[in-house]
Every structure is written in structure tokens, then in C-alpha cells.
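Each structure below appears as C-alpha cells.
Across the two complexes that follow, chain A remains constant while its partner is chain B and subsequently chain C.
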Partner chain A sequence: MSLISNLFVLFVAAAVVLYYLTPKKYRWICLLVFSYLYYLSGNARYLFFLLFSTAVTYLCALQIDRMQQNGSGQKSMKRVAALGLAGNLGMLGLVKYTNFFVDNLNRIFHMNMKGLEVLLPLGISFFTFQSSGYLLDVYWKRTRAQRNPFRYALFVSFFPQLLQGPIGNYKRLAGQLYEGHEFSWEHISAGLRRIILGFCKKMIIADWAGVFADAIWGDLDRYNGAAFFGLLFYGIQLYGDFSGAMDVVIGIGNLFGITMDENFRRPYLAKSMAEFWERWHITLGEWMKNYVFYPISLSKWMTRFSRWSRQKFGRKTGRVVPIALADLIVFFFVGIWHGASWKYVVYGLMNGGIIAFSELMAGQYRNWKKALHISGKENWYQLFAIVRTFILVNLRWFFDRSDSLGQGMYMVKQAFTHFQPAQILSIPAGTGGTAFVPWALLIIGAGCAVMVTAGIVQERGGRLQERMSCLPVPVTAGIYLLLLVCIGLFGSTAAPRGFIYAQF
Partner chain B sequence: MDELMEILEEICPDVDFESETALVDDKLLSSFDILSIISEISDAFDITLTPAEIIPENFNSADAMWNMINQLRN
Partner chain C sequence: MRNFKKTVCALLVAAAAVVMFAGLDFLLYPCTFIRNDLHRVCTEAFDDIYVGTSHGKINIDPDAAREVNGRTGHNLCVGGEYSVDAYYMIKLLIEQGKKPSRVIYEISPAYFTLEKEEGNNYLLFYHEFPFSRTKLEYFRDAVAKCNFRTMLFPWYEYSLSYEISNMRSTVEKKLHGDYGIEDFRTETQEYHESGFVARYPVDSSNFDFSGIHPFSRDEIRQEHMDYLEKLIDLCREQDIAFAAVITPVPADTLREFSQGYEDADSYFGEFFKEKNVTYINFNNREYYKYASHKLESYTDLDGHMNEDAAREFTANFTRILDQLQKEGTI
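After this line comes the complex of A and B, so read on.
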């Protein structure tokens, strides 16, 4: 059931009505029933994977909690945590990466092994990470284990976030799911406003940008002079699509009185690649930092490597080298989390490589800035840092969007050697054909101008949402009604597109 | 405490560790900074940190780090 469908709107409306009609004590059960109905509506055959992930992490966390209360040894608890993670992430690895390994083995050894004939279960990359994070939080005593299996099942399956995140943290989310929230117009209004904004981002900006990006990547021979614009359109599409989906998801949570973690914070205004990852897909970055980056960096073998590194490279550089290595490992995982393909490995390592290089050079940068009398707070320097990061971020999208590593390399080459922007005028813009191209470009441009302006205002501390809620109700209602009309008038007239991250 | 302040100022010379109390929450310390600090204090104070200790409460201020170090030493 797509987030953009009449059926989904009816589904959410029914869930909200029934939630508030149910006695407060049992409202979480209403959420659980609707969450499983939602998952079953996608593909009932894959229910096993959701149930398996829930059961393995529930049982292991409960066992670790009991052992902690009984004062059992750390090693035994570690074994149980490892077993739970192996089961949960092993399942993810099996369905997501088996065919990738088989394909590569076949290529290297000229064999003809068959892979798994299984479609990727809906939302598996999100719910396995969420449940694994919970298991580690219990192991590290950041939270107690949930004893009620049905309550825990709701934490893993809460329907708005099940397919695309945000990846929830148990301590911040679970209590809100179990608490029966009072009906409040304020929550409903905030939720509806957020949902409408999300639909605008997705159906007006992302889908129109997607028309051009898809056309360019779909016929590389014909549009070989427009690779640069293809990249720009894809960057706009991806942001509008994913952050629009998050607005819809978080808005639905608001309808139930639930506040989910934010997943975006004006990422294209980041001043470094490291900062970009604190603003883009924030919950994945947090997850990787807490559950992969820190544990790898503090592991025994990394501590030994750190000592060797300091002897070899000196105290300052030697201290950063192991952290940079851990960073590369993390971004290798970030890459393959996005998909089982070498292009994602390159995409991940580009991110990690840029961040690691920046950290290794941090001291040198500081010296250069000092010598040039640059404090780093000057407006021109901030703008330079934003533009530099924007270019680096967008260059990585070549590999994210392309079908293969080879195609990504071809697009990079085309972007720098062949520039014929007029080619985009021959791309059919939905049902309007090529005659509508200038209008479609105007819609994208206007949409981006609004997003950038709002982003700059928010970046400077302006609270747009709060200001909107202070306006008289008829004015607010009028503005959002106008936005709904805009979706109808200016939304993409090309074939409807699903959400990109719903495929993970 | 003086030794800790020296380490912190060497790793992040632009941060005011005397007065800041939300180093992690306000994103004044990056994850690289935190790991660099851990690397140095582990050696300087002969302590071993695990991922369980890496929570914002332990790194939001120099005082919080000092308290964590003392707890791990005891």
C-alpha cells in the first residue's frame, strides 16, 4: 500500500478514528493491529521475516536482562547478544546479499550457481536495524527489556515508519507507542500540516525532477550532454522524495500524538561531509555511529592497531588513523545497506574517504586558516564551505543513481567532457510532452526556491512551524488548502512514482 | 582535571571546555573528537571504555568526563 494512494489515506483515517475511540489503556493494541494489517497488505508471504526479527531480538534481550539481574558473567551475555544479532542481521544478509555473492563468485570462478529466488521483504533493512539497536541497548544497559511480546512487536512494526524509517530508538519511541494519547486538535493539525508539506515535496518537486533524471539515465546515448543536469535533478528528486516521505511518516505519527525522530535537517546546507551525515538520513547515521563506529573503534584489535599507529605515525596522526579506518568500515556498511552492488560500495567508500581525509588533514587546515587569517566564521567562508560540500555530495549521487559502477563512471566522464544543456528541452515532460518542459522546469525551480528560502530561515533560528500554528485557523486552513490545490495543479503528470527508500 | 583539560584543548582548540555543558547535544564535539578524547584519556588515566559508556551524558562537559573517568578508575 503506497503512502500516496487513496487506500492509504482511508487506512490512516480509520486507524486514527479507531485509536481515539478505543479506551486509552488499549490504544497501543489498535496501533499493533493496524501495523500488522499494513504489513500484510504489502505481501503476506514476507510476514515470517518480520516475526522472526521480532521474536529473536525479543527473546535474546529478555534473556540478557534476566542474566543482568542474576549477576551472570559478561561473556555469557555477550554470547546471547551475538546470537541475537547473528540471527537478525544474518537473516538480512541472507535475503539481501546472497545473490550479490553468488553473482560475484560466478564471475570470478566462471561458475553457474543459482541465487535465491526471493524478493526483498518490505522494510527489512529498517526493522532489522531498529530491533538490533534495541538488543544492543539492553546489552549495554541503556534500557530494560520489554517483557510483553505484543508491546515489543509494536515497537518493531509501527506502521508509518515500517517501510522507510526513521529508524526508531527504543528509549525515545516505545513509551510513546504504549501510552494512550489524549485526542488533541493541536496534534491532528500539526500532523495534517506536516503530511501536506510532505506530499508537496514528493508530488510536485521530487516527481517532476524525477521525470528529467529518469529520462536522462534511461537514454544515456540520447541525453549524453545532460549528465550534469541529470545529477542535479536526481539530487533534488532524492531529497524531495525521502524527506517528503519522512514528513508524511512523522505527520502520521503526530496524528496519534507520537513524536518520531527527525531524519532530515536541511542537509544541502551542510558545511562538511561529516556534517552532511548529521543532517541527511540522521537516524541511519546515528545507528551506524552508536552500533558500528563506536564498537569497532573500541574493539581490542582496533586498540592494538591504535598503539601501533601512534608508534608509526606519531601521536596526533596516529590517533586519527584508526578512527579513519573505522570510519571507512562504517561507510562500507552504509554503502551496502543501500543495496547489494559494487556501485554502492564505491558510494559508501567515497563518503567515508572524504570524511577520513578531512579528519586527517584537520590540523593542517587549521594551520592554513590561521596563516591566511580566516576564522571560519566569515560569511564568504561559510558559503564556500556549503558550496564545496554540495558539489561533493552531488558527485556521489552519480553512483547512487546509476545502474552499475560502469554506468556511474560513464556519467562522471560525460558530465565533465560533454555539456549540451539544450538536450533537456527534448525530454517529454509527462502528458504535456516537450511543450511543457519550460513550465516543468519553472515548477521545479520555484519549489526549490521555496525550500531553500525556508531552509535558510530555519537555519537562522526562524521557527516556521510554530509561526504557522500561531496564525488564525482560517488563514492556516487557507494556506494548506492552497497547497493541496497546488498538488493537483502542479503535481507531476508523468506515471506515478513510488518512494525510492521504500525499496530498501 | 588539569590533565584532562590539556587533552581536550589539544584535540579541540576552538571549543570552550570551561563553560560548555552541551558539547554533544549542541554538536560541538564530533564522533571523531569523542574517539580521539577516549584514545587519549584511556592512556593518560589507564582506563578502558566500552560502547556502553559513550552516551551524551558522559561527554556533554569536561566535568561529566572527569566524573566518568573517576568512576571507571574506582
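After this line comes the complex of A and C, so read on.
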């Protein structure tokens, strides 16, 4: 059930009405029922994976909690946690990466092994990470285990976030799910406003940009001169699509009085790659930081490596080398989380490589800036940093968008050896063919201008949403109804596209 | 008190939204010939109803059929019409008490291998359905999965410039319940009240094969076959005679895509035989001679005829159909 379908709109409406009609004490049950109905509507066969992930992490977390209360040894608890993680992430690995390994083994050893014939269960990358995070939180005593299996099942399966995140943190989310929220028009209007904004981003900006990105990537020989534009359009599409989806998801949460974690904070205004990852897919970044980066950084072998590094490279550099290594490892995982393909490995390592390089060079950069009398607070420098990061960020999309590593390399080559921007005007953008191109480009341009302006205002401390909610109701309602109509007037008329991250 | 105020306010906003959506729909959704078609078949009963694709719309003239057998008929075919649409249109006629005595389904084999795109492909019909149980069922089975713009802004796929340039005529037609057909005449074709679209003859020397999708039984999409079966069953339940026809295409096209046409004939031949339905394919050996396959009879290589050829073909087709009915095959 796509987030943009009529059925989903009616489904959410029914869920909201029934939620508030149910006695407060049982409202979480209503959410659980709707969440499972939602998952079942996708493909009932994959329910097993959701149930398995829920059951394994629930039982292991409960066992760890009991052992903590009984004062059992750390080793036994570690074993249970490892068992839970192995079961949960092992399931993810099995369905997501088996065929990748089989393909590579076949290629290397000229074998003919068969892979698994299984479609990736919907949302598996999100719910396995969410439940693994919970298990580790219990293990590290950040939270107590949930004793009620049905309540825990709701935490893993809450339907708005099930397919695309944000990856929820148990401490912040679970309590809100179980609490029967009072009906409030403020929640409803905040939710609707957020949903409308999300649909605008998706259908007006992302879907139009997607038409051009898909056309260029779909016919590389014909549009090889527009590779850079393909990259730019993909960057716009991905941001509009994913952050639009998050707006819709968070808005739906608001309808139930639930505040979910934000996943985006104006990422294209980041001044460094590390900052970009604090603004883009924030919950994945946070998950990686909490459950991969810190455990690696604080591990025994890393401590030993750190000592060795300081002896080898001196105090300053030696201190940074282990962090850079941990970054590379983290972004390797970020890469393969996105998909089982070498292009994602390269994509992840590119991110990690840039961040690690920046960390290693940080001292040098400081020296250069000092020598050039740049404090870093100058407007022109801030703009330079934003543009530099934007270019770096976009260059990585070559590998994210391409079908394979080879295609990504081909696109890089084409971008730097052929540049014929006029090719873009020959892309059939809508049902009317090329006649739509200037119109579509104008819409994308205007949409981006609005987003960038709003972003800059917010970046400077302007609270647009809050200001809007202070306006008289007829004015606010008029503005948002107008935005809604804009989806009809200016939304992409090409074949509708699903959400990109719903495929993970 | 504060909550009451807020509730009233929310209701007012919701009412304003509904009025705005309805108003925009009234102003912007153009009056298509499907509006005429559905209005006509819902207000007047016909003996024969033709459903199918653009091949049926352009190649079958109900007036030419009436000249042969005196039976009244209306052509409900249109490009982009799949079996799901045909099924619900016939169901609507039954619900509206305008049940035909015979349904003729024009089969374009390639349609059964293509995914029906969401949006206008459904709205073309759904938008014109009068409020009814069938409309709700059609929504549940087909429109519900489409993006929400189909519900709020059914006009979204038409270009704004087209909508604005037609706004005056759209409003006048809707306001006065005008179903005139003058607006449906273009440089290449004209729409008739019988639902038939007559194409003017064109120079055949510029024809090319682009845009023709050859049939392959391996690509059949089961959902289309399911609705075709449902339509046959519905007609049988309602005691409506049912026949299927594949209209002729130029000999050049048959040669170019011979494998696809033979595959289609054998696939649908077997299917209709199993369903005990009369099936006439004017591209197979049995009926080839009853239609013109010369290029001059067509307006493209895909098999859309010009008006004269279509009328002649319809007359021949009707005679064959009536003969089969007389023999009790239908």
C-alpha cells in the first residue's frame, strides 16, 4: 500500500477515527492492529520475518533484563545479546546479502551456485535495525525490557514508520505509542500540515526531478552529455522523495499525538561531509554512531590499535587515525545497509573516506586557514563550505543511482569528458512529450528555490512552522489548502513513482 | 467551549476544502466524449454495446450495424480501456436498468500484456460514472490503488493550458447539461453520437511501425484475463449474449508481426473456446477475406481504419455476427 495511494489515505483516516474512538487504555491495541493490517496488505508471506525479528529481540531482551535483575554474569548476558543480534541481523543478512555473496563466489571461483529465490521483505532493513537497537539498549541498561509482547510488537511494527523509518529509539518512541493520547485539533492540524508539505516535496519536486534523472540514467548513450544534470536531478529527487516521505510519516504520527524522531535537517546546507550525515537520514546516522561507531571505538582491539597508532604517527595524528578507521568501518556498513552491491560498498567507503580524510587533515586545514587569515565565520567561507560539501555529496550519487559499479564509473567518465547540457531539452518529460520540458524544469527550479529559501530562514533561527501556526486559522488553512491544490496543478504528470526508500 | 469552537472551525475548513475540490473539478475537468458515451448508455437502452480499445472505437460504427440488422447500438470503446473498465461499465448499465441484449468485446491482444497505468486511464471512466454501487466497487477494485490525486484532483493529468483554454466550454456544458459533440471534431477525426470515432483518410506512404507492441502469451497479465472472465460470467448470469472480435490490421503489419498475431489468435482462440464464447478474428485465415487489409483502408499501421473502411467492415462483421447468432453459436 503506497503512502500516496487513495487506499492509504483512507486507511490512515480510518485508523485515526478508530484510535480516538477506542478507550484510552486500549488505543495502543488499535495501533497494533492497524500496523499488522498494513504489513499484511503488502505481502502476507513476509509476515514471518517481522514476527521473527519481534520474537527474537523480545525474548532475548527479556532474558537479559531478568539476568540483570538476578545479578547474572556479564558473559552470559553478552551471549544472549549476541544470540539475539545474530538471529535478527542474521535474518537480514540471509535475505538481503546471500545472493550477493553467491554471485561473487560464482564469479571468483567460476561456480554455478544458486541463490535464494526470495523477494526482500518490506521494511526489513528498518525494523531489524530498530529491534536490534532496542536489544542493545536493554543490554547496556539504557532501558528496561518491555514485558508485554504485544506492546513490544507495536514498537517494531508501528505502521507509518515500518517501511521507510525513521528508525525509532525505544526510549523516545515506545512510551508515546503506549500512551493513549487525547484527541487534539492541534495534533490533527500539525499532522495534516506536515503531510501536505511532504506530498508537495514528493509529487511536485521529487517526481519531476525523477523524470529527468530516470531518463538520463535509462539511456546513457543518448543523454551522456547530461550526466551532471542527471546527478543533480537525482540529488533533488532523492532529497524530495525521502524527506517528503519522512514528512508524511511524521505527520501521520502527529495525527495520533506521537512525535517521531526527525530524519532530515536541511542536509544540503551542511558545511562538511560529517555535518551532512548529522542532517541526512539522521536516525540511521545515530544508530550507526550508537551501535557501531562507539562499540568499535571503545573496543579492546581499537584501544590497542590506538596505542600503536600514537607510537607510530605521533600524538596528534595517532589520535585521529583510529577515529578515521572507525569512520571507514561505519560507512562501509552504511553502504551495504543500502543494498547488496559493490556500488553501495564504494558509495559507503566514499563517504567514510571523505570524512576520514577530513579528520586526518583537520590540523592542516586549521593551519592553512590561520595562514590565510580565515576565521571560518566569514559569509563567503560558509557559502564556499556549503557549495564544496554539496558537490562532494552529489558526486557520491553517481554510485548510489547507477545500476552497477561499472555504470557509475561510466557516468563519472561521461560527466567529465562530455558536457552537452542542451540534451536535457530533448527528454520527454510528460504525456505531451518535449513540450513539457521547460514547464517541468521551471517547476523544479521554483520548488528548489522555495526549499532553499525556507531552509536558509530556518537555518538562521526562523521558526516557519511555529509562525504559521500563530496565524489566524482561516489564513493557515488557506495557505495549506493552496499548497494541496498546487500538488494537483504542478505535480508530475509522468507515471507515478513509488518512494525510493520503501524498497529497502 | 474552546473545543467546540475548534471543532466548528475544523468542520468549516473541511467544508471549504470539499467545496474547493468540487469547484476545481467543475472548472477544470474537461468534457470528454466518454462523458457523452456514459451519459447516453445510462439514459437510453441499446441492443448492442461495444466495449474495447481504440481499434473498436475507430473500426466499429454502430450506425452501420443498424443499417444491416436494425439493432440499436452504442460504442463504448476507447484507447486505454482494459477489461476491468469494460466489466464495470457493463455492470453499471445493468445496475442502471439499461441492460443490452448483446455485448461485443473488441480484443486488442497487446493490451492483455500491458500494465494499466494509474491515473487518467481509470478516471476517464470512473469520473463519468453516476454515483452508484458499481462506482463504489470500481473505486475499491481499481481506483483505490491509484495516487490520491485521482480522488482530490481528477483533472491533474490534463495540462493546465488545455484546461484553461477549454474552461468556458467546460463550464457551459456542465452547467447546461449539454452533451453536444461539436467540440470533438478535430483535423483528423470526428466523434459520432453512436460513440463511433470516424477517422479521415490519410496518406499511407508515411506510415511506420513505431508504437506497435507485439503480443506474446508469456507476457499475459492475469488480472486482465480475470476481468475478461468476470465480464463473460456477468453477461451469462444476466442472459446477455457475448462475443469477442479482433479487428483487422493491414497486411504489412500482419507480415511484420506475424508471430505475435498468430500467438494471439491461438491464445484467445483457445481461451474463448474453453469459455464457449463466439470469437471472430479478422486477421486469421477463417475471416481474413471479410475485411480489407489494404493500406489505403487504414490511418496507421496499428490497424485504425478510415471512416469508409470502418463502415464497410462493421457491416460485414455484423452480418457474420448475426449469422452466428442465428445458428445459435452465441
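Methods note: the second predicted complex is superposed on the first by the 504 of 504 C-alpha atoms of A that agree within 3 Å, B and C clash if a C-alpha of one lies under 4 Å from a C-alpha of the other, contacts with A are read in each partner's own complex, and residues count from 1 in each chain.
Keep in mind that, in the parts below, contacts are C-beta pairs under 8 Å (C-beta built on N, C-alpha and C of every residue); 3 or more make two chains touch, one makes a residue touch a chain.
Fair warning: this is a prediction, and the values are worked out from it, not measured in the lab.
In the superposed model, more residues of chain A are touched by C than by the other of chain B and chain C. Of the two partner chains, neither chain B nor chain C is touched by A:Thr128. Once chain A of one complex is fitted onto chain A of the other, the partner contacts of A:Thr389 are absent, as it touches neither chain B nor chain C. Looking at the shared chain after the overlay, A:Ser53 reaches neither chain B nor chain C. In the superposed model, A:Ser402 lies in contact with neither chain B nor chain C.
Contacts of A:Glu359 after superposition: chain B is touched, whereas chain C is not reached. By the touch criterion defined above, A:Trp140 lies against chain B but remains apart from chain C after alignment on the C-alpha atoms of chain A.
By the touch criterion stated above, A:Ala477 is placed in contact with chain C alone, chain B being left untouched.
In the superposed model, A:Thr283 makes contact with neither chain B nor chain C. Across the two superposed structures, the residue set of chain A contacted by chain B and also by chain C is empty. Taken in their complex, chain A has these residues touching chain C: 2, 4-10, 185, 188-189, 199, 203, 430-432, 436, 473-474, 477, 481, 484-485, 487-489, 491, 493, 495-496.
Note for the complex: chain C touches chain A at residues 3, 6-7, 9-10, 13, 16-17, 20, 24, 117-119, 139, 143-153, 155-157, 159-160.
The residues of chain A lying in touch with chain B in their complex are 136, 140-142, 274, 278, 289-291, 293-295, 297-298, 303, 306, 319-320, 322-323, 326-327, 359, 366. Residues 13, 27, 30-32, 35-36, 38-40, 42, 49-52, 54-55 of chain B are the ones that touch chain A when the two sit in their complex.
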